[in-house]
Structure formats: structure tokens, C-alpha cells
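Right after this note come the structures.
The two complexes that follow have subunit A in common; it is paired with subunit B in the first and with subunit C in the second.
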Partner chain A sequence: MTTATTAPTNRLTPGPRALAGGGLNSVRRNPLLVVLALMVLVFQLTTGSFLDPGNLRGIAIDAATLAIVAVPLALLVISGYLDLSVGSTLAVGGLVAGWFAGQQHQSPVVAVLGALAAGAAVGAVNGILCCYLGLSAFIVTLGMLTAVRGLAQQLFPLPLSSFGSGFAWLGGSRIAGIDAPVVIAVLVLVAGALFLALTPAGRHVFAIGVNREAAYLSGINIRRTPFALFVVTGVAAALAGAIKASVLDSVVAGTSGAGFELTVLTAVLLGGVALTGGSGSVFGVLLGVLFLGCLQNGLTLLSVPTFWQQMAQGTALVAGAALAYFGPRLTR
Partner chain B sequence: MTRTPYPSPATRRQFLALSGGVLAATGLAAAGCSAPDDGASTADPAGASAGSRTLTRIGLDYPFTQLPLYSTLVKLSTAAAKKHDVSLLTTSDASNPDTQATNLATWVTQKIPAIVSFPMVFEATEATAKRALDAGLIWVTYGGSLEHQSADIQFSFLEGGTLLGEAAAKWANEELGGKGKIAFLTDSTIQLGRERTKGMIDAFTKNAPGVDVVAREQAIDPDTGLSKSRAVLAKHPDLNLILGVTDAAAYGGFKALQQTGRKATDAKTFVGGQDGAAPSLLAVKKGTFYRASAALAPKDIANAVVDVPLAVAAGKANPSVQVPITLVGRGDTARIDDLLAQNS
Partner chain C sequence: MTDPNLRIRGLSKSFGGVRALDGVDLTVPAGQVHALLGHNGAGKSTLIKCLGGAFPPDAGTIEVGGISHARLSPRESIAAGVAIIFQSLSVVDSLTVAENIFLGQEWTRYGTVHRRAQEEVAAGLLERVAASCSPRDRVGELPMGQRQLVEIAKALSRSASVLVLDEPTAALSGAESGALAERVEDLRTQGLAIVYVTHLLAEVERLADAVTVLRDGRVAHHSTVSGCTRSELVDVIVGRPEPVPNGSAEDGTADSLGTTGGTVAGTAIGATAVSRAPRLTADGLRGPGFGPVEIGVGEGEIVGLYGLIGSGRTRILETLFGGRRASGGTVRVGERVVTPARPADALAAGIALVPADRRRQGLFPVLSAQDNALLPTIRPLARYGLRALGAERRVFDAMSQAVGLSPARPRLPAAAFSGGNQQKLVLGRWINEARSVDVLLLDEPTQGVDVGARQEIYQVVSALAEQRGTAVLFASSDPEEVVALAHRCLIVSAGRVVGELNGAELTEAALLSAVHDADDPASTTSEGAA
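Let's look at the complex of A and B:
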């Protein structure tokens, strides 16, 4: 028996052909999607346990903090700026949250708000120096990376630990069966995508990144939006730090978040965000984050020796970046 | 008159002028802070008279400034030096061998009378140590020995790893009947890490040959320890033991096991690390499956940092010392409390 199906008549709902075309376009625009799928397939075939729910959960939790920072950082990069201080800001966020929760015995809400305030402060300093005083974002945030780390070590020279069961909720609880950090990351991803696609400020981000002077002449406030993005990036980094502190129930000023800035920037660039500004998408950033998470996890599952892991990671990153660059040109 | 609508750099100029002033003031203040303690120290380059060799200054070059031990060591060494009317100088190497080489060369040029250095690359530090000795300075090697040195402060990192490996093997034989699965969190990037790793793995595999080694992963910090252990646990959910080259990495493994549903007091699980870090010591004290840490006492190290150069200056024979590493387990409550107090 055959059943006649009625194609949707709503013009806003794409038909199957349109969906297929859209899917193909999506693949063309994000060749990393193909690489990611191939990588997952290879890891599953070689390890047999890559797609196990427990492993996917671990990858998701690891990727969550990366995604939380990568989204606002991507918006900042699209607007033509950069923040290299996120690793140190992450440490400060974790330390402040840990200090409130563990040493001051404050509620988890106070601890997290304290961390967010500290992150906002770092972001605001970056924003004022870069957006309002016109200093180089690269230099300013590189300086802040060191200065904030030094401040963190000065204020908290010893490890903080034992933050209590209340604070452990942030990193260890589940919401509808999904780990809280993953839920937070999904919210950040959705918010970032909606902001870029649906709000005037989101369009301004692209406009400022493409040509700052032209954006100014078009009446766009070219300082306020990037400044806000610096603050949001600082807040996101501090939130990620609080989550990590909660997951580990400890935080060390000297090592927490060390090198994180490069990992998150790698995810952003792998996701197709142009370092020169003006282009990029949240979906691409998600792919970049998942690519890094899956690669790290898969190599560990395969028990690849340390130095080979480093070589494989470097090679995969270059290959992924090359595909992201050449892929769209080859499929035109 | 034409006007440029684009934001004027005038505010930037004002800022640069202001920041120039602030930088100059900060520089002057910093110079004031770092000025020599007194003229006598500067006038006497070696800081020690040839006859009595009374030291007035000791330079402590501990490169791993990101580690909590750095702050503890500086605090305790400064206090120990003060008891002998000696001032303690420190470097800021930020775990960078090049920065360390530059800082040490500066100290030799400044003729800091006694230098206690933990070389990140022993071979590369040999020439600097020789220049220090040629200049009449005291050179004490920390964490190993050099050909050119006045004395050394030794720790057997190999022995620390061995103590942990043996304890874990003994536990595996007693509690698991010599069977089970173990993952090692290792370090192959620096000498200290390689020695600890070798001691830990060799001792364990020799004493518990029936336990299956399922992973050897590079991890020295809790984040990496956590994510690597999670991945290993996905493949081997019945993992029994995690041994870490550092307590920080092992603590990440400890958390990974708990996140996969393992109770903190699980009788069939063993986690152990090295360093005597506070979070790990607290976990041991609480009776969790974090069962052991090969620990150095910061106070012992701090005393050696001051006592060894003073002994060299006084012309004592065999001034070198070996700082003991001890394994701390669940029953060592007094020892744990003492170590925690030193780290506070």
C-alpha cells in the first residue's frame, strides 16, 4: 500500500529537497563537520568504546567549559578583537568562587556571583584599554594574561580545596539527566547563535569586524558592543573557572587554566572564525570545540604515546584548518 | 575645516602620557623596593668575608613558580634565613629554562654570595655553576648534583616513585589478590618527572605483576588528570588503581573515579600521588580511596636551603644533605596534620 504524502505548504518550512540542499550547503560551509564525522568513525572502529554513552558524557563535560568561553570569544574575534587573558581569568574565577565557597562558607550563589564579578572586572579593564583607549588587543590581553595570573598567585599562593557539597552542584549535578556544565554550555551556544542571527547588536558585531570605520560612519557604536563582548568573555571565563573548581573540588592559582587561552582560540579558529574579524558562526565554534574534545579523548583511548599524541594533535589541527580554508573553495 | 568622524586618538595620547607617568612612578617605586638591603652587601660583592665566610645573602632559584610549593618554600626559607640574619633572594623563572639561565647569569654577575638552584636542565646549568665557583661564590645544587658545585640538596625522586609503587602493589596483592587494572599518570617532560615515573612504574610492575597496566598517560595537573582518567574509565570502567606522578594529576583521577559513580570510600580502589599536596593529604586523612602520597616536608627543604650554604661558608666537611621523602597513608594523621600546617 502506498500512502500519498503532502508536502508542507508553509513557505517557512523547507521541503526535503531544500533540506538536502541546506545540509549540503552546511557541509560546504563547515568542512570540519566531515572531518569530525570521519574522526568519530575511525575512533569508534579502532577503539570500540568511543561512542559509549559514558565516554560521550566525558567528552561533553570536558568540552563544556571550552564551549562556554569559545562562544563569546568567537564573537569578540568576529568584531575584530581578541582576548588572550581568558586562561588567567578562568583561574581567577575558580579561585574567587572557591574562596567564597570554601573559606568564607558562603552560599554557592554568592560564590558564583563573586567569580562572575571578578571575570567582569578583568573583561572591563581589557575593554576599556582596547575599545575606548584604542590599545592593541593582542598586547593588552597578553599583558593581562600575565598580570592577572601574577595577581591570582599573590592573592592565593596555596591551593584551595573542599568547597562543600553545595558548590559541587555546579559541576556535578544533572538537569534532566544532562550534566549541569553541558546544560550551561548549550544555553551559551544557543544564546550566542540567537544574538548573532537575530539582534541588531549581533549584526553590528559583523559590521565592526569587517570595517570599523565604515561601521562608525553607518552610525554603529563601535566601542560599546566590543566592550560588552570583552566583559561577557571575562564573565564566561570566570564561570568556566568556577565550574572547573566545582568539578575538581580544588583550584591552584599557578596551574588552573594555564594554556587554556590557546586551546580556546584554536577551537574558535578551527570553527572558521576569521582572526581578521568579520566572519564566523557559533555552529562552526561548536564544531571546533567538539573536534578538539574528540581528538584528545580518542587519542587517549587509543593509548597513543605522549609525544605521538602531541604530533597527531598538531597535524590534525593543521589539516582541519587547511580543510576549513580550502574546502569551500574546492566545492564551489 | 575638515572633521574626521572616526574617533579621535586624542584620548589615546592622553592615556599614553598618563600611563607613561604611571609606569615611571611604578619603576621608581619598584627600584626602591628592590634596592640592596644595605651598602655593605653591595660593597662586599661576595657578601662573605674570606676569613669567616659569613653569609649575608642567599639566592634561592626555584623555577616552578606556578606550583604551590614555591610560595611555601619561599615563606619557610625566608623565615629560616632570618634566624641566621641572612636575607633570601628569589628568582622568577616561570618554569622557563631560558629565563632561569638568564636569572642565574645575572646573579653570578651581581656576585650573590650563595646560590641555591634547582636546574630545569642540569647539563645546561653546568657552565653557569662553574662561573659562579670561579667567581668565588657558593653554588648549591637543589634536586640533583652538578660537576661544578659546592654542595647539593638531594631528593630521591626515584625513591618517591618507588615508595608509592611499592605501597600500591602491596595493596593490590592484599585487596585484589594481585589482579586488577591500573592506569599511570606520568610525566616525561622533565628529569624530576621521568625519575618519579620510572620509580613508580618499575616498583609497581615488579611487585604486582598480575595487575594489568591499561594506560600510561601524560598528566601533571588536575584538569588533565581528570580528562585522561575519564577517557581511560570509559574503556576500562573496572579500573582499580590510578597512580600519579604528581598529587595534582592523581587528584584529577580521584575526581574522575567519583564522577563515574565510585564511592569515595570504595574498598577496591586505590589512588596515590606524589608531592604531599594539601587537597590530596586531606583526601587521605578523610579515609577516601585516595590512599597515599609520597611527600616531602617543605620545612625540611627550607632548612636545607639555608643550612647547606651556611655549612659550606663555615667550611664544614660534607655539607650536602639528603631530604627524605616519606609515604603518607591513612594512619599517619599526625604527619598529615604537620604537613598541612607547613603548607598553610
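Let's look at the complex of A and C:
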């Protein structure tokens, strides 16, 4: 910081840094960018097929559901909260959508709207308990993770499948040559970045995450915005569930989205969002999502056993945290 | 034991060019209670912290029990026999009394804590300080006075020979204070050297054998307590041999407490002789720990709330702002009754508060200067739900020029600014062109602010009152600040407004003698009722 110039900075436009964050500066802020590039290079050299269009498309579709949930979850974490229940909410979204489309033969629009409503309901319960009643988000959403999974299995004891060609559109169609889930993920990423950079509520998210009391004393509504983020996170998880159900054409209440909550949290934290709240960017989250997607895909191409893949994922998170902690001291 | 228990020689300490301590000498023999006086910023805290090992001194020696140290770590300080009882106690609420006393020096048997032995010894120590609690009580459930005794017992368990009490009665009730005074007497006869930091001259007279007054980091006065009078002490604390205008407030209006809307204009100071329309009026305002109080602040008027820590100043401000709920009374802005229940209500009514604890309640350290200064302004400036980035920048630049922000860099995180400039950012939140308030409440407006920036902040606040007619009410425990900033000052003691100083009678000496004469709550209430 001390090396920066003290010349008048009046001509600098206070632009939305979170959108792209140009050039060298974004590399310095997101060391993950370098790591990601190196990893892609290594995978391409070792497998020879990593950068094939078909493989990249697979990575993008896998990463899409992760990104759709990671963005609102990141906003929630920036505002000082947390949602561990998204894995079960994802299952509920898939089950509700599948039930409408497969059992009730409703239109795909009704199926998706039903899923989103279910996700909103889960998010609203989280939000009321955490934001308005002041309970610990960690405990509430950990409890909801288990409770919602139990409810899903009670309501849908049998696997659902064969949702019809209409519903398959959600996960399988292409818009201008790009897969629908990827298009949705890009929209979510852009919306998240615009929200943070360009709306007053986006600033409030940071302020609440940094210092809740100071935000309250500044007259900011410290409950409404995080509550809305809980609802949006629930909706996003359910949407991701509907997309997965559409892609797979089946949902199983017991296993759909199991462990997803930790993967998505890993992506958010790898992307540089502080678990203590108050800092993070959507661009970082995108990197975190791509990193996990590429890692998993590359290791699979190299026929690395699943257990080793899990070890790599976990190690990456801890190494990333260590880098974020010690990195600035080493470079100074 | 001919050596005194504590001998400090030539102790100096600077913080970034500001000399907080400058060659301070202090000698406390065994069996002496030594009062340490001086108003805020005089160096008392720095002295205590050097003694406790929180800061390394730049020069000088600290001699405890005949052994000389150039510097102490917290651990060495304890080992040398120094025990410091800070105002904010360092007991762990969730542990028992015995566990607290033995924290960090647990007695073990077979690798586990020997609870029974600890409790037996703790009971003996508690008896020595005449505490009524049991070793098994949870500290969190005890009243303040008992907690303090637990901490003193802990000091005794470490065989402390020097006991430092930092404004020990500030958080205590009258009865508890009396009990503490007896304990201090006991400990003196037991041969401890006691350093007693206080603002209350009555305590000095009652308890202390010797007195040292610090001013601007130097020893300004040293004598036995019997060798000086109260008014001499006030003079030396203030730093000027001023006559104390005790009997000069005779014009009636100054002592009257009827400073409600209508009379404010009448009592406006002679210097400006403007008749002021009332802006902020509190009628019979009550809340937990204070009230009822009557406060009136006119348009463009700057009123100080002066009182010691714990007198209720902060509570009054927080209640006016809706941070605490009033249990009675009304708050009006102009003619409108607002009585805010939440800060958002107060802000909607045009009342803003700059809190004293900047780190905890004011600042967003990792966010940019611009975000810090404009936080409540972003939404009003926004159009179609989107931030008006250009307008935000213009408002920030104008604000930073008006308050003299340095460096004037909107992107720099607030944590990178000096204390004074951080305060300007928090202040700027309410005085920029897009968000100006009718009533500005300031709690300790220059706490942790260096001298230069302090003057700038006074200028900003004065200009605000003069040019925009903002009513300013600020709480302070620094008489110098009150004289520098206020047109008029209300004296607060034990949750009540007990007096008022106006115009020429508003001097540091008058302020100090007002609070020190208000030691006894009984006399203040009778004065207040007059």
C-alpha cells in the first residue's frame, strides 16, 4: 500500500472493480488466477486432451451448478453469515421439480417455479432464525441441513425419474451454442457482481460484514439484506437441484447434493471470501469454482482415484488459506 | 526492607513524536497509598501500562522490591510482584472464583487440577480481602464490587507487593466504594505499596498518604496529601494557577436546570448574543442509569456534557439517538416529538451520533475511505436502484476537503488512516452535502486523536454549527476540550444534570471543581432539585 502514488486520484473513476478487475492488479489480488493457469497447463501437458472443446464443456456444466449457489452464498458470507443447508436444499429443489414434471406431468415452467418456491421457503426459515431471531447461522443451517434432508426422504422415499423431454430442456438445451446451465451461471455471476458494485445494498453487505454495530448505528437495516440473501441462496440451491435433476433425469432424496454444501463453501473460501465477513469478490468466487471444476476434471482424466481427488481438494483449501495468510508477509 | 516497594526513575515513553511520559519519577514505599492524578492524556495510563509490561519504556528504570528493570514483559511484571487492577476487569465470567484466582498457575495433582486445595486457599485469600463470595461462585454472577475483590485476591495469591488500582470506584455503587476503601486501608497495613489512580479528590483525601499529579507526561506536583489543599490540586491538574470561580455563578440562570426549549434562547451565551431557536429538546428523559434530565440545544449551538466516566453522559447520548430505549420523557427536534426507539428513527428525524468507541461502533476498517464516509448516503444518492458513482465521488471530495482529510484518497482502507482522519471519516458520514443532519451528537469527539487533528475537528464542528445551524451536543471527560468547543456546558454526575456553566464562567478549573465537588451523590441531587 505504501508504494502507491499519493498523486491526486481525481481522474480515477470509482468503477466496479468486482466485474473484471483489470490486468496485473487482479493477479495480485487473486493469486489463484496464477495457480489456475498453471494447473490448466499441467493438465493439458499430461493428458493432452484437457483443453479439448468437449472436455471444457463438461467442466463448464459441472462448474455451472456450483457457481449458481456459490455466488449468493459468497454474498451471505461477506455479510457475516453462512449457509450449510444448501446441499439438502439442492435435493429438495430437484425432488420438487421432478415431482411436478414427472409425477404430475406439469409444464417445466411450473416444475422450476415449484422448486424455486421450495428453496425460498428453506431460505426464509434460515433467514428468520438467523437474522431476525439472532441465532447462530452455523447452528441453524447445520440443523437445517439434516432436518431438510430428513424431510425430503420422508416425502420422497423412492427415486424419481423420467421427467419428460420438456423438463430436459433446462439442463440439456443450448442457447447460442452454449449450454443452458452455463448461461444461467453466467447470468448469476454477472448479477452478483453488479449487485455488489452498483447497488446501495451491495455496499451494505460489506458494511454489515465488517462491523454490524457500526452499520446499525449508521441507520442501515442490518436484518433485511442478509435475510434476502438467505432466501436467494435457498432459491439458487433449489435451481441448481432442478438443473441437476434435468441433466440426470433422476433424483434420489438420500444422495442428491450430499456434501455439496462443503464443496460450494470450499469454492467460496478458495475464491478469497473471508469467513469472518466483510471481504470478497464475485471474480474471486468464479476463480474458486473454476479451480475446483478443473482440478476434479483433470484428476479424473488422469484416472486418479476419488479418494486422492478428495485429498487434493481439501489440501487446496488449506494451502489457499495458508497462502492468503502468509503470502502478503512474504512478498512485502 | 529499606528499599521502597516501587521506585520509578526517569521513565519516558513517546508515541510517534508525542511524549506521553517525560522523565517521570514515582516512589511508593511499603504501606503507602499513593494517589496518581491528572486529567485525560496526562500520562497516567501510559505509566500504568509501562509498569504492567504492555509498553516498553523508551528510557528510565522501574525498580520493584529493590530489583531494577529497564523494561518488563507482562509476565515479568507479574513475577516481580506488580498487580494492576484495570477498570475493565480481567476476570473470566464463566469460571468460578477459585478458578479465576488460580488461572494460569493452577495447582495440579496427578496431572489434574487440585480443586479442593485451590478452593481452600482461595477461601483464605477472599477472607483477607473481606469478600463475601464463595470460591465456588461463578464470577459472572457476582456484582462488580465482588469481582474486583476477586481480582485483588488473585493479585495477593501471586504475592504482589505493588498493587495498582485504576479508577477502582468508577464502576461501583456508593456502598461498594465504601467497602473498597476499607479493603485499601487493610492492604496498606498489610504492607503493600498501593498506586491509586482516580479523578475524585475526595477519595484522595480519604485514602491516600501521598499524591503525584501528572500533566503532559511530567510530574507536575508531588507532596503528601496533608501538605496540599483540594483547590491547589485542581490548579495543578489544570496546569494554571487560576482562581476557582466557585462562588461566581450567581446570576441565577446559570444554575437553573430549566433549559427546556423556551429558555435556551435566554441562556445563550453573551459572546455571540444570538437568540437561538430550539433544535433539540429532551424533557424529563429517563433511561436505565440516568435521568430524568432536561437538555436543550439551540440552533447553531454547541453544548458540552461534561462528567466523569460512568456519570451517564454516554447513556444520555445513546438514548437521544435511539441506541437505548428511553424509559420516559420525550425528545423533540424543533417542535416535532421524535423520541427515537431505534437509530434509524433518530436518523430519519435528523439526529446523528458519532460514537466514542470508533473501532467497535464507528469504523469499517477494511472498507475504503469513501465507503466509510458515504455509507448512509449511498442509498439517498442512488437512482433507479443503482449507485450514482459520479455523485458519490463528488460528495466525497467535497466532504474530504471540508474536513481536511489527509490523505484525501477515497480508495484507501479506513484502517490506513490516522486516528484523527478516521474520526473525520466517521464525522463526514453526517455532514456531507447529501446527508446533513439537524442535530449532531458526539461522544468523546477526539478520543485517540492527535493534537493537530483535534483542532481541525473542533473547527469542522464549529463551522457546521455556525454555517448550517446544526445543534451539536457532545460528551467529554476532557475539560480542555469542553472549553475549546462548547458554547455552554452541562455538568453530569450520577446520571443527572447537576449544573451548567456558561460563557465566561466556562473554564477548566470551574469544570474540574464542579465534578469533584459533586463527589457525593447526595449533595448533587439536592443541588439538582434547587
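Keep this in mind: the second predicted complex is superposed on the first by the 298 of 332 C-alpha atoms of A that agree within 3 Å, B and C clash if a C-alpha of one lies under 4 Å from a C-alpha of the other, contacts with A are read in each partner's own complex, and residues count from 1 in each chain.
One rule holds in what follows: contacts are C-beta pairs under 8 Å (C-beta built on N, C-alpha and C of every residue); 3 or more make two chains touch, one makes a residue touch a chain.
Computed from a predicted model, the values in this text were never measured in an experiment.
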Which superposed partner A:Tyr216 touches (first subunit B, second subunit C, both, neither): both
Dominant contact partner of subunit A by residue count, subunit C or subunit B: B
First (subunit B), second (subunit C), both or neither touched by A:Ser279: second
Partner chain(s) touched by A:Phe206 [first = subunit B, second = subunit C, both, neither]: second
First (subunit B), second (subunit C), both or neither touched by A:Thr47: first
Subunit B versus subunit C as contact partner of A:Asn55, first or second or both or neither: first
Contacts of A:Leu198 with subunit B and subunit C, given as first, second, both or neither: second
Doubly contacted residues of subunit A, that is, touched by subunit B and again by subunit C: 213, 216-217
Subunit C residues within the subunit A interface of the complex: 321, 323, 343-344, 346-348, 353, 355, 360-367, 370-371, 375-376, 378-379, 382, 385-387, 389, 392-393, 397, 407-413, 416, 429
Sites on subunit B touched by subunit A in the complex: 5-7, 9, 11-12, 15, 65-68, 70-72, 186, 188, 214-218, 221-223, 226-228, 230-235, 237, 248, 251-252, 255, 259-260, 277-279, 282, 343-344
Subunit A residues touching subunit C - in the complex, by the definition given at the top: 1, 6, 8-10, 12-15, 197-200, 202-204, 206-207, 210-211, 213-221, 278-279
Touch list for subunit A against partner subunit B, complex: 47, 49, 52, 54-55, 58, 61-62, 132-135, 153, 157-159, 161-162, 172, 213, 216-217, 222-223, 244, 247-250, 252-256, 258, 296-297, 300-301, 303, 305-307, 309
